[in-house]
Amino acid sequence: MLKIGILNITSYSGMELMRILTNHPEVEVMQVTGRSQAGKTLGEVFPFYNGKLKITESLQEDVDLIFSALPHKASAEIIGQYVNNDIPVIDFSADFRLPIDIYENIYDVKHPYPSLINKFIYGLPEKNKEEIKSSKFIANPGCFPTCATIPLLPLENINISNIIVDAKTGISGAGRSQNINHSFSEISDNISAYSIKGHRHEPEIENNINKNVYLTTQLSSITRGIFSTIYFQSEDKIDIENYKHHFDGMPFANVYSEPPRVKEVRGTNNCNIFIQELPKKSNINNYRIISVIDNLVKGAAGQAVQNMNIMFSFDETLGLNNMALYP
Amino acid sequence: MLKIGILNITSYSGMELMRILTNHPEVEVMQVTGRSQAGKTLGEVFPFYNGKLKITESLQEDVDLIFSALPHKASAEIIGQYVNNDIPVIDFSADFRLPIDIYENIYDVKHPYPSLINKFIYGLPEKNKEEIKSSKFIANPGCFPTCATIPLLPLENINISNIIVDAKTGISGAGRSQNINHSFSEISDNISAYSIKGHRHEPEIENNINKNVYLTTQLSSITRGIFSTIYFQSEDKIDIENYKHHFDGMPFANVYSEPPRVKEVRGTNNCNIFIQELPKKSNINNYRIISVIDNLVKGAAGQAVQNMNIMFSFDETLGLNNMALYP
Amino acid sequence: MLKIGILNITSYSGMELMRILTNHPEVEVMQVTGRSQAGKTLGEVFPFYNGKLKITESLQEDVDLIFSALPHKASAEIIGQYVNNDIPVIDFSADFRLPIDIYENIYDVKHPYPSLINKFIYGLPEKNKEEIKSSKFIANPGCFPTCATIPLLPLENINISNIIVDAKTGISGAGRSQNINHSFSEISDNISAYSIKGHRHEPEIENNINKNVYLTTQLSSITRGIFSTIYFQSEDKIDIENYKHHFDGMPFANVYSEPPRVKEVRGTNNCNIFIQELPKKSNINNYRIISVIDNLVKGAAGQAVQNMNIMFSFDETLGLNNMALYP
Amino acid sequence: MLKIGILNITSYSGMELMRILTNHPEVEVMQVTGRSQAGKTLGEVFPFYNGKLKITESLQEDVDLIFSALPHKASAEIIGQYVNNDIPVIDFSADFRLPIDIYENIYDVKHPYPSLINKFIYGLPEKNKEEIKSSKFIANPGCFPTCATIPLLPLENINISNIIVDAKTGISGAGRSQNINHSFSEISDNISAYSIKGHRHEPEIENNINKNVYLTTQLSSITRGIFSTIYFQSEDKIDIENYKHHFDGMPFANVYSEPPRVKEVRGTNNCNIFIQELPKKSNINNYRIISVIDNLVKGAAGQAVQNMNIMFSFDETLGLNNMALYP
């Protein structure tokens, strides 16, 4: 049994990780941290957890793998020491996802451990599976970049342009935060755009696919899920059958012949995809993709477990093979 | 035109009052306060407001009527001076609703102006219309007490017992507050009980109807509305026709032959009521009432305008005669 | 007082019209039809309606204006006779919005009264106010076309291209229909795309602005509202100040400096707009517009009343001047 | 591996059963029926299902256990033959839960197989575990009776009275039905009471606990879950510690010291309970219980799997040991 430690369990992605690992046959969660709630049992803070774990302030080193659900900067500050001591880490934050100049520019902070960035592999298994296999340190991708990058991977070598990612997200992506704008009264029966001057995930997507992208992030009146409508143009026609075959052997990326609905992936690690050539109205071809994920699973905790499975040579789908909770 | 001042406009009930008064032909809102947002225009804080009003820190006295949407204690502290200067006030808080001993006990504060309590009339027009007519100072009732008291008024002189008020409320009743428990992620697809050791509105209901009551307050996954299911027993049979006639001439209290749904009163000042004799299973008669209101209208701002209409001899329904926003 | 008849009151847009007209000082609703519920009082079907009207099967001709909330084809079949008898009509359906060839092609029906199409004016006051003034027959625009066309009007003479309208709509736009896909269990916590092969409103938008458009229609987990994110490109820079001035004197079209949220127009006739030049990433300029309306008000009943106001020389905002129901 | 057949998979409880059995290590679902969709693959109807199963019109007999998710009457009509052939059956319908006179009275039908009623055991493991162990035919309890009966079991031998069950349910309890009253527009932001003349589950609860009960069933604006607030009176004081110990050894019934929220059991087989002595206001003791379940899991499919586990001597919690999907 792999001994697991979780940093910052008291976040939605932290508890989602707990939910998934509870049913994973090869691991045992040994330690969980959460500064403001340290000293309490996990069940006192989250009554839907039945186990015995207690929340501590920091992590002892006798674990085989650390998941960090800390926010950016705070994560690097704390996991630096574990990385230096060669303890495997999967980091949910943005701290090790990007080249340092892009990172420091868009997050507007000084990176606490720049020398460690090169040790980390960007953990999007649909793109980097081989590198993940041989790595001990994983930068778990952002939720929007996961949902936008996967369906664009088959187009890597095609000259597509004018890429627009119109993304709608559930409010759980904003975390367990005290924010009047995230209250039920404000979100219910509402839709709003945010980070309108440029969301931090836009450069992450561009870095992934090596193309320019405009990303619009919009809060929808749902709890879980990202629904991305992606538009692009191409001089040459896209071969849709080829496109589908790109995902052969990737258990969580599925192309459907009807547009997926976001609830169909709720609680799962799936990225469901629909691609369509639009009726021709000019001398260029227009395409539309719809892709959906659960932001807390494939967009965070589930992808982290998928990365762990690959790193530790478990079956890639272990602990992640459930059907959606629907309705 | 009546010149109106509003204290603490930056609350949900404050803005709801603004919404109602905007369409009231006999008044003009001249001043609005809101400490943390003072200096801004009202439209900067609430983009759905189109007018020119600016938020100030305090109120000048050249108004004909003040509505206070301040929380308890803070309200008494501030409106005391206006009352002393004989400016009419309608107070949304609990500060002048109850005898001082009950008030200080359940709100666990020292009343700032105990001598003024007797100047105030409890502003439930279905109960106290005549007193309201001749008063300058109104204590606007609480939302749960409004929804529970009105349907029990016809039973004032009947010996009913074992009264249970099972109340479900929308989250807007909790106000515009930064509270993790009121976030969309926590409230959506959820139901929870709160103030389980005794809600402050329980003694207010008991004071209104002069009978013992058990009140359960429950947060529902809705924004607006209170849905109360009221159970009671009676040795004698209730005459349902008499019960209905009690509300003759009361424009906002309506008895229906089918149970009302809470959305049917959304945005209106109505209290819709259903009463039913349950099948007899013992030697006592059991009854069930369902009553619904919009907590921000009949439970706060609308009732305040109804009180104003009565105080200033306008038609009781002026500005309040709209249909529900449905669906 | 203008005497009004409403065809097919038993739809969401029909009852929304009733809600608005109830507070309109210059009209009285005299007759309402609704085939399946004929014979009942309106209050029996919609308990939130307090009045005395009875639902009839058909309309007598002694009215000054007819609103038809019938579906397409059924509407033309029934209002043809009234038009022939020169009774003013405002039609909510698509029957008189489009040139006959486009109409018959996209709605896949034979038009029942092709000769009447030319009598009708497309009732988008922000575009056609003068024609509406002098017309007796109005084709009320579709909800998506209203939300997409208004913000594109200032760009009529600019050479913009690659226009994408990513539209999210509340479920009330689908009407009061028995459809398993519109049940709460299916829509709640969900987002889905529909009419993916081409929504009927796409050619209506193209006809309005005389440019090619790709429209994506998506069901959101809300009841009311359309939130459109519009993308386009332009060789020349757009003058944003000029853009804003285009709407001067139009009471319901407002440009904001922050992106509007859809709930901010709930229950109102407003179309709130935000426009933004995106960071330049190629040799062409990219723009993003966000526009929101309430699909039942500006997208249907409210716009119909605005058209009536213009036709009958009432103030354009009469009966439509309320604040949003928020939250 | 136990070979499973499911009748009427195309219901919410049928697919929920599929979800649970997919992760159950001791069973394999071999056949699924669904009349209107027969011939399609299960994935065509429910895209969130990834497997290969095809929907058939009827079930072959080469299975070890049949789950019937058919509605009442239809269920008895079809499973009668399997019971006669001694194939184990767990029936979700009400057909074998009640004495025939009560059944025929409240369901207003003639029972198709009265002689089989005695073969069935009422499958509430917290009450009947020993009988379930030795039975081949299980009548799976109703959702409201499950949520109301479990917390009342410890009081079986205490003289409690005036029992009121105020139950709030998610709309998935109504099934996958085309009903205008269950559309998102009607349910969202709404609460309503139904079956106000007497819900069919009221006699089922009374039959379970051998006491009179008044049940109120209310539709809440949520998809999954039942939240029951139960009131009762008792001459003698209830020993709360004894009450809690009653559930020792029952893995899915848990008493909490704070009132549970309904989302805390979403996707789980738990029944979470809170009990409280209310402040004494008369010469009798008043109590309030709050109990929550997921209507599709503990209220249907999960309880069925729990019954299967007991019947076939698997661990009672096998396949049911997951954490709630929260938020």
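Per-chain residue numbering starts at 1, and chain names A, B, C and D are given in the order in which the chains are listed.
By definition in this document, a contact is a pair of C-beta atoms (placed from the backbone, for glycine too) under 8 Å apart; a residue touches a chain by one contact, two chains touch by 3 or more.
Everything numeric here is computed off the predicted structure, so don't read it as measured data.
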| item | value |
| --- | --- |
| Contact-richer chain pair [C-D vs B-C] | B-C |
| Remotest chain, subunit A as reference, centres from CA atoms | B |
| Centroid distance [mean C-alpha coordinates] between subunit C and subunit B, Å | 36 |
| Chain centre separation (subunit A, subunit C; CA means) in Å | 39 |
| Geometric centre distance via CA averages, subunit D-subunit C, whole Å | 45 |
| For subunit B, residues contacting two or more additional chains | 12, 172, 185-186, 188-189, 221-224, 258, 261, 263, 266, 327 |
| Interfacial residue positions of subunit A with respect to subunit C in the complex | 161-162, 164, 166, 168, 170, 185-186, 188-193, 196, 198, 212, 214, 216, 218, 220-225, 227, 229, 231, 233, 258-259, 261-263, 266, 274, 276, 278-279, 281-282, 286, 288, 290, 292, 327 |
| In the complex, subunit C residues that touch subunit D | 12, 171-172, 176-180, 182-189, 221-223 |
| Contact footprint of subunit A on subunit D as seen in their complex | 12, 15, 18-19, 22-23, 46-50, 172, 188-189, 223-224, 254, 256, 258, 260-261, 263-268, 272, 321-327 |
